[in-house]
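Paired with subunit B in one complex and with subunit C in the other, subunit A is shared by the two complexes that follow.
This part shows the complex of A and B:
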């Protein structure tokens, strides 16, 4: 069953260039995908590729410029403020740095209780009981109720953020780099917890990360973004075993493996990600692509189906190595 | 005699709450021209160790050691660091934007450092600045010399930072998480640059990182720190092939890898000890899955059960005694 379907989503920011001149930075440009209930979609790409903006649009923290976000049958873009507020409890988000996302002034109890107070009639002892239940679900205990975020370790604080996200029994949780600020040993604890919670509560995850190993561990399906567009998407196994876009190939090659006997990556990507203010013509990846030809500069590649559910936006997807 | 010799380095901070032992007696020996990786999680003492090599441990930090020499020069109890800092040792940090001066062009910053350390001025200094930029992979030096840091991308800023670090003629480079703030494709470029500079100029590099993938792809030898102690040291190949210390084994097992999906990651349970209370035995005992008799009472010393592969763990102390 499809829980979330995003169609043609775009988000442009106006940038003043002096006087009355304005430039539009299309940070998310015509992105479409769907996400099944109970699945995890891994959203991958480098800084500035639009992955966080896309997530913010889905939660309507940012207003999309165009497109539809059909969540459980309703287009969230068309909802009025009041109607959106009523549906908000079905979506939640966990950010990268819990020390920034959790108020330093609130106790753990108040942090987890806040969404319950806003959206439910729970108060008093019943509220505290629910808070303790949530803390236990994320591996904390009633002993932590009176602590502040700064008294917790990074892993514990991120557990509080997860408990807060779980409070209203959401259907979809956006996880925006949830373990990037954590140490390796703690990252493993939090990833294990997220997998367990998904199983126990039937959660659907939109998992944003720049760490391909983490995404591969977590995701059923992958969406690779480059400069606001979808470069490639498909089942995790297919995308990782047979990437069909040169950008995905480069990302995989650049990821350092914890194995010194493996030779250093040979497909090196030169240059930097161009600015979304004046993106390259045609395929946005062509200036950095070692397979680029004249056609890539002129013609924007459409997202084409390779095989079952595996899409690539490359003119020469079939000719890439490994195919 | 090794290029860098550190014996029984201890760094402690006297605070209101008591004495905090950040580094509790570590030994290191770096050979000229090698890339040595210092790995460990937040708070393990890897950064403060590198600061001690430059005399930059902030007050009230107290640095003591049995021996601390760089290229035969004694660094202990030194008041005047001017002929060490910059001239022999240079340092680059995680966030190049925060390390470069935003109010001067890169040309001005480079010429200033060259003038201060090498006494070169005018055209000579500018020619050296240009040559340095070419050396770090910025062939477009005319533009870079005139640019302010904010006009460059993160990868270019880190390259410029490396040029600035080398401008003074230092041949020992301390790189503290040099690629953590960068995207993975840019990270690959910077790591390749560091290896290239070592090959070309015989630079000795101390690379501080929490990323085991970066260590595997870049370092010749590695030291693993835990709670201010060196728990294991070996060549990178040996460390990843046959990790000996339970902590190193735990770190490697906690990494998500291709194929780990659907299985629980082997998280290291518990938290790092605070450092405020002196641990009598092994600092890892509280979290160690193989903890036994002597671990909680006696501190293990670093032994070499295999030549060149040091490990501080009672599992091997017992072996040694038996043989």
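This part shows the complex of A and C:
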């Protein structure tokens, strides 16, 4: 069952360039995908590729410029403020840095209780009991109730953020780089907790990361973004075993290899992501692509189906190595 | 620094706001002065045998006497003990100071929070309104308002607060603008928390320290401005004791009866100075 279907979503920011001139930075450009209930979609890309903006649009904190976000049958873009507020209980987010995303003056109890107080009539002892239950579900205990976020370790604080996201049993949880601010030793614990919670409660995740290893571990499906557009998408196994976009190939090659005897990859990503203010013509990846032809500079590649559910936006997807 | 400060410093001074305050000897001195004033005002009837005179009863047989064991600060033209008058005057001064700050904070902080949080036209309207108020010289505006409302303690306090709330609005607005896009605020918005609850629970608590600093500094200035108003006859009416009024009356007898202006004047000076020093210390300890 499709829980979330995003169609043609775009988000452009107006940037004033003196006087009345305005530039539009198309940070998210015509992105479409769907996410089935109970699955994890991994959203991958370098920083600045629009991953977080896309998530903010889905959560309706940012106003999309165009497109539809059909969540559980209704288009969130068309909802009124009041109707949207009521449905916020079905969406949740876990941010990258728990010390920034947890209110500094509130106790763990108040932080985890906040969604419950906002959307349910639970109060007093029943509320505290539920909060403790949630803390236990994420591996914390009632001893932590009175602490502030800064008194907790990074891993513990992120668990509080997860408990908060979990409180209302939302249908969709957006995980925006949930482990990249944590110590490597703690990352695995938090990831395993997320996997366990998904299994126990049947959660659906939109997992945003720039770490391919983590995404491979977590995601059922992958969506690779480059400069606001979808470069490639498909089932995790297919994308990792047979990437059909040069950008995905380069990202995979850039992942540190734990085995030093293996030869260094020969595909290197050079330079920075170009500015979305003046994106390259044609295929947005062509200035950094080793396979780029003249056609790539002129013609924007469409997302084409390779095989079951595997899409690529490359003119030469079939000609790439490994196929 | 002083031995006292070093002792307290080594004893319990973690690097926290109270810890840093404890190491600051100026904070101690000003704190003690303020406590003396507050204690003097609260327990005025117990600290003098002439509470009646402090509240205004004339005593024609002891007019304008110089300081002595009987009258440590001398007496005024109605023979009232000036020590008692200064203690009771502290009640007026502190009441006025607290009232001014309470009204200015009560009006200024919510307006600043709303302006900063919502932005747009709400922000424009509120901030242009503060500009209008800030365009007038504050004492002059306070004099206009106090004379329009009529002379009394409450009216003097309202008149001063009327010219002061815009500073709190500006202060809080700047803080809120810096805080409103923080991830923890966005996180509350994703949950669907009401905007006013977000302001009250997540944003305002983080703007408290500059407000506390400003309020402490303002207590001193409010006492000074209140004394100026009552010096002009726009404050508390006789026979209630008031420092500004005492200086105003005493100046007729200066310099022959020097004590009449000196002790209430010192009270104004010391209380204003103490609140300012404490405010500075809180600010430094905060920074």
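Please note the rule applied: the second predicted complex is superposed on the first by the 323 of 323 C-alpha atoms of A that agree within 3 Å, B and C clash if a C-alpha of one lies under 4 Å from a C-alpha of the other, contacts with A are read in each partner's own complex, and residues count from 1 in each chain.
Everything below uses one rule, namely that a residue touches a chain if its C-beta (ideal position, glycine included) is under 8 Å from a C-beta of that chain, and two chains touch if they have at least 3 such contacts.
For clarity, every value in this text was computed on a predicted model and none was experimentally measured.
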Practice prompt. Kindly say whether there is room for both subunit B and subunit C on subunit A in the superposition, answering fit or clash.
Written response: fit
Practice prompt. Using the touch definition from the top, say if A:85 reaches subunit B (first), subunit C (second), both or neither.
Written response: second
Item to complete: Using the superposition on chain A described above, determine whether A:216 touches subunit B (first), subunit C (second), both, or neither.
Response: first
Worksheet entry | For subunit A as apex, the angle formed with subunit B and subunit C - C-alpha centres, to the nearest 10 degrees | 80
Worksheet entry | Residues of subunit A touched, compared between subunit B and subunit C (which is higher) | B
Item to complete: Based on the superposed arrangement, let me know which partner A:115 touches: subunit B (first), subunit C (second), both, or neither?
Response: second
Discussion item. One more residue to check, A:101. First (subunit B), second (subunit C), both or neither?
Written reply: second
Item to complete: Kindly classify A:59 by the partners it touches after superposition: subunit B alone (first), subunit C alone (second), both, or neither?
Response: second
Worksheet item: What is the minimum C-alpha distance, in Å, between subunit B and subunit C after the two complexes are superposed on chain A?
Response: 6
Practice prompt. Jot down the residues of subunit A that show up as touching in both complexes, subunit B in one and subunit C in the other.
Written response: none
Discussion item. Taking the touch rule as given, give the residues of subunit A at its contact with subunit C in the complex, in rising order.
Written reply: 59, 61, 85-86, 88-89, 91-93, 95, 97, 100-106, 114-115, 118-119, 161, 164
Worksheet item: Given the complex with subunit A, which residues does subunit C contribute to the contact?
Response: 182-184, 186-194, 201-202, 205-206
Worksheet entry | subunit A partner contacts - residues on subunit B that touch it in the complex | 41-42, 153-156, 183-189, 191-192, 210-219, 236-237, 240-241, 250-252, 254-258, 260-261, 264-269, 271
Practice prompt. Name, in rising order, each residue of subunit A that touches subunit B in their complex.
Written response: 46-47, 153-155, 183-189, 191-192, 195, 210, 212-214, 216-218, 236, 240, 250-251, 253-262, 264-265, 268-270, 272-273
